[in-house]
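Structures incoming, each one as structure tokens.
The same chain A turns up in both complexes below, where it pairs with chain B and then with chain C.
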Partner chain A sequence: MNSSETSMVHRFVSTREALLLLINVAIFAFLAIMRPEAFASWTNLKAVLSLMTYDLLLAMAMTVVLIVRGIDLSVGSVLALTSVTMALLMRDGVPVIPAVFAGLAVALACGLINGLLIAKAGILPFLVTLGMMSVARGLATVLTTGQYISFPRAERWFTQFGRFEFRLQIGDSFYGIPLPLLIVLAVILLFGLLLNNLPLLSRLFYVGESPEAAKLSGIRVDRHLIASYLIAAAFVWFAAVLMTSATRIGYANYGIGAELRALAAAIVGGASISGGSGSIVGTFLGVLMLALIGNGFILMNGNPNWQQATVGIVLIAAVAFDAVRRYRTGW
Partner chain B sequence: MPPIIDRQSRAQRSAGQKTALVQYIGLFAITLAILLGTQLFFGNVLTAANLEVLAMNLVFEGIMALGMTFVVISGGIDLSVASVFAFAEILVAKLMVEAGLPVPAAIVITLVTCTGIGALNGFMIVAFRVHPIIITMGTLLTLRGVNLAITDGRSISGFSEGFVFLGSGKVLGINFPIVFFIVTALVLGVLLANHRFFRQLYVIGGGERPARLSGINVNRVKIIIYMLSATLAGAAGIMAAARYGAAHWGHGNLAELKAIAAVAVGGANINGGSGTIGGTVLGVIFLAVVHNAFVTSAVNTFWYDVVSGVMLLVAVLLSRLTQRRNLFAQLRIRQAKMDQIATSTKGESL
Partner chain C sequence: MLDLRGVTKSFFGNQVLHAVDFNVRAGEVHALIGENGAGKSTLVNIIAGILKRDGGDIMFDGKLVDFGHPLEAMTAGISMVHQELSLVPNISVAENIYLRHEKSNTLGFNDWRAMRRGAAEIFERMGVDIDPAAPVGSLSVGMQQLVEVAKAISLNARLIIMDEPTSSLSEKEIAELFVVVRDLKARGIGIIFISHKLSELFEISDRLTVFRDGQHIATKDIAEITTEDVIQMMVGRHLGDLFPPKASQIGDVVFECTNVSRFGYVRDLTFNLRRGEILGLAGLVGSGRTEAMRAIVNADRRLSGRFKLNDSEVSLSDPFEAMRRGIVYVSEDRKQSGLFLGYDISANIGASTLQHYRNRFGMLSRAALRNKARTYVDTMSIRLPNVLARTIDLSGGNQQKVLLAKALDPQPTVLIVDEPTRGVDVGAKSLIHARLRELAESGVGVVIVSSEMPEVIGMSDRILVFRNGEVTAELDNRSGAVTQEMVMTHATHH
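Right, the complex of A and B next:
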């Protein structure tokens, strides 16, 4: 191995993503060794991955706004409001496609209000999205009076789409691969590539790093802020469509507490509340890590009630790790 | 040597106080209007029984909001109060019911533990140098998980008569938690307005570097503030356990957001540097009155979330607008001074 190769390997290993990958592999290996039948079965892994899809999309939404020095506490509530809107329309006989687009319109409207209040009125993102969190959850509850909304009249493909699985045969055994997971992975991959290569999106990093400098160099900061909240809303809408389709129900209590999980995953993945950083791969690995730890807790016969505490502990550990690294590099 | 603070120009300070006063009067007027409006349309609002319900409804969030005010002035935020609240409920219940400790001992141990949690929050915020949102969210999630796990989701009950007094007993005809809220608000309000230690918070909230340079021990002050916030949340939790007659991990869920909303509605700048206990108390009363209006008007209470969210946004938007106008006024004064200096120096050079 020549020196340039070693330095490349070294650079890769020292990145946050590599570290997260290693931790994920370690957790995976630990669980696979300790609970070979329960953990390493395809049924279990599929359950972990399927549950992850929604958190993944919400964490992506959070990452985008964190990059521009924002925060979006309303992701869980907007998810519920969007889901409820679509379910109500489909229950009343609106065809699937218009209903789904109406859901998109609702999600984007929430994102637009967030973005306008933050960019134009200059209110802190924390407060704006806190208000939106309350408003969206309240509206969803008002619309449904807290009931489950099922939509038996909707076309069948919509209710089957969320649970569709490709059957993959390897040797004698069949593996079902959930279609939503594949779509979400493809969307995230595409978005990750665009974020780093499309100038329109990569400018978001400049805006987050230093809004003043971005403004001086001719970037329209307001528009980029609003755009990032709209992108976040689109991710939330997508999660709502998948969730509504898979559960066949619209419900006002969807996504309670999801905003904190999404935020934790994004921060673990390298995003910072002070803006300018965040990576799609990192966030993905952060979500995976939280999902694996949660699953592991249940499989190790731990009290499943501790699962919630692990999210907080992982978050604090990640932040502490960053602090130690900063002190060592003398920043 | 005592740090030099409060040396803003007198004019600037009085201008700031004037805008704050306008805000408080406005908030008070709106609150009064809502109260009278509901009384006029639905009746039975201004009765002793309803006023008690109204006050008890938000008193625990109100006590948390008092601590939150200090945190917000220093430029921080404490999301963990709601989980500390529930933790205090559970701890005090476990100590009394399961460990059989006498009431005072259980209360002291619980309060000290909560103070310790606050110290941990403050220490991590200072040591890791990350935004308090992240640290206190970590504490919130962790502690809520702990609350759930140590109770297995069940509630604990079976308190002694003496303990129940802390929740529903009356002092001079007023419920004990309300008396606690009023006394604490008075004491903390006077301290915040006058005591040197608490005046430092405004300097820290205005900018940590200048505060450090002017000789304030920023880290120490911050840790103490988070200890205060957690202790108040703990005290609220103990009284809530007595009030409800049971401790449950789900109690106080989202109370942190109500506390923050009360502080924000009360005119504090969430970026730090401004805010008063009086404003927070007005904010708490406002939220309580709005909630009560929903209950008495028998409008679907589901609307409450929607309206309180909108109220929060409107309040922040309004305070933002008044701040901006104040800023313009200051800029104009500065411009006038500069012109004056420019003309005077020109005169000299000629």
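Right, the complex of A and C next:
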């Protein structure tokens, strides 16, 4: 068994996660050397990490649907619609808990519609979710007439927990660690473990790798497809809750362009448009990479508008990298 | 006309051709045979300029050649008809034939009329009736194969390589193809013909070359040798009897299906299956056998059908439900609808049974799954580069064994195997046959769908013959008395 063990070690080292980790370390080192005070300050790092919170959840949502050979372009606008729904309800005096669950219902309804149209009606995921992207954004704008919705009557704990920080003392300095980030990290860690180890969720990979073979293997493909869009919707809802809590407003323009960042992060992390693959750790590293690059542009006094172009470049580069690798290995 | 001397090739340090000599004469059909992985495909890919050789010389028409690209080989007069067709389905036959060497008019635009005319002329010469304006996707696989041949002719090929051209053709289409092949031969064109079907090779070829483990074993005139000689050369040992013995004991009816219909494909199929029995479904390609079996597990929606398993009514509403009841259907197409090609063998074998491999926390135990996969590797003699190899990297025979292992893992009571040995080498074939018989002997009801007549007859205790979606005959074969002629008369119109 020696040979198989060495090949496992080899596999581990040569995985995409290891490569991504190296790239992240390289970017980190580059910025730390070029801009030691600005980059390596806790304030800056915290800002990077806090911004990642939402992108992480949306990228998880994207990863789940990519695994089943789908795509969800509506993550950003469903985020906005969910946020707006919760904010409007809380503004009108609905208590936090029912409002948050109403938001969940809205997000899941969007996910269910996506899933049903894709699985049962057989419409291309790209088209269905592109439509949903427009519908949800439009609906959110109509509901709010484009205004910020604040909700001063909501219970205080809700508006505080999104900004809560644990204070950690190391030596003489205090470090604030944002609570939402910790929760999100715990959630995705747990989800990653379940995705790979719970038979119910592991089957999603089979569905994406070959829907036809999955069907004949006794896997109910339709149900798994719908389930994955519902799981994605749940992640989106969670992001909406955290964002609404932290910003203390609901807004129809939340999450514009977020679907592309999520897609780029997931694909860089090892998910494929052709389904059957995707890695939670990889996606996490992909999000981190995009966040570091974005931060780098700001710190290097570059034009921050380059950030958007970077997302596109990263996405195309990742897809090209895969295409070349696949061509080389004949698969 | 073609002469290879000492050609070698390795992939990733793994030598697949050991200083191979091989030659083809003008106007001969030269059969190339060997188990999967023996090096045949590598050899012809080198000849056709798709792969580069590592060493050795290739002479074509007395000149030393060195093709860097398939187009160079085509220009020189060597064309290949691929195993997996390389035609573009949405464009017309004529456009496909002239793809990459389009005829143009004086303005330099594509001259569609000239191309259609050219295609029509080639078909006339070949004596086949295909509409040059029809989209290729609308033709049967057999017709498409002939279009590929026409394409080779349009390139003025003097050497045509046919890589398993008959693997998905019906008997009638094979006969048509052979007429064309004989005609090409008569016009002095050399043909390299790869196939696993020995009977075919004996019918069509003049000489035969056997490959084993990347080595040239022998080249013989077809008149000098027998089937047994060839098999022995291929596997390097005696296989004994070609098929395992018939059922020693046949039990009670385990599965009954009544009035299974699928619109346009299957009409009122009724049959029963006994424990310990292998039931063979014979018929021409397109006679509705695969469609009927897929309708049983409701992989494609059926119009009607009632089922009894061990005397109790079952609904079989989808493949999941069928599998839960112990009825497993194994697809004829391991690449498209059988295996998860990007995954390793343990992931494939556990595809239907993940829930059985859980630890006490309800989590998937990959170690348990891998151990189970190892037992299948042993019992089915699956050859792997390593345990974690993706199934796409296995040879056809080994893939087929993995596919069977995957179907056995849920421990079926009824196993329906569609084309259990398509495109599989002789060694793997006899192993799969032996395993299927063992399975039947252990009390499982086995249904085999096969387009290979010797296989259906050799394996089955009872045969149902299909024609146009209906069963035209039920033949008892416990004694092995059924002949190919008996099956053919019921399978074809008369």
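Some notes on this structure:
The working rule: the second predicted complex is superposed on the first by the 314 of 331 C-alpha atoms of A that agree within 3 Å, B and C clash if a C-alpha of one lies under 4 Å from a C-alpha of the other, contacts with A are read in each partner's own complex, and residues count from 1 in each chain.
Throughout what follows, contacts are C-beta pairs under 8 Å (C-beta built on N, C-alpha and C of every residue); 3 or more make two chains touch, one makes a residue touch a chain.
Note that the structure is a prediction, hence the values are computed from the model and not measured.
Within the superposed three-chain model, A:170 lies out of touch with both chain B and chain C [touch as defined at top]. After overlaying the two complexes on the shared chain, residue contacts for A:121 are found with chain B alone; chain C is out of touch. Within the superposed three-chain arrangement, the count of touched residues of chain A is higher for B, of the candidates chain B and chain C.
Look at A:210: by the touch rule set out above, it reaches chain C but stays clear of chain B.
Of the two partner chains, chain B is the only one touched by A:142; chain C is not. When the two structures are aligned on the shared chain, A:260 is found in touch with chain B, with no touch to chain C. If you check the complex, the residues on chain C that touch chain A are 297, 299, 318-320, 322-324, 328-331, 336-343, 351-352, 354-355, 357-358, 362-364, 386-388, 390, 392, 406, 410.
Interface residues of chain A, counted against chain B in their complex, comprise 71, 117, 121-124, 126-128, 130-139, 141-142, 145-146, 260, 263-264, 267, 273-274, 303, 305-313, 315-316, 319-320, 322-323, 326.
On chain B, the positions that touch chain A within their shared complex are 77, 124, 127-131, 133-135, 137-146, 148-149, 152-153, 257, 260-261, 264, 270-271, 300, 302-310, 312-313, 316-317, 320.
The residues of chain A lying in touch with chain C in their complex are 3-4, 7-8, 11, 196-199, 202-203, 205-206, 209-210, 212-220, 276-277, 331.
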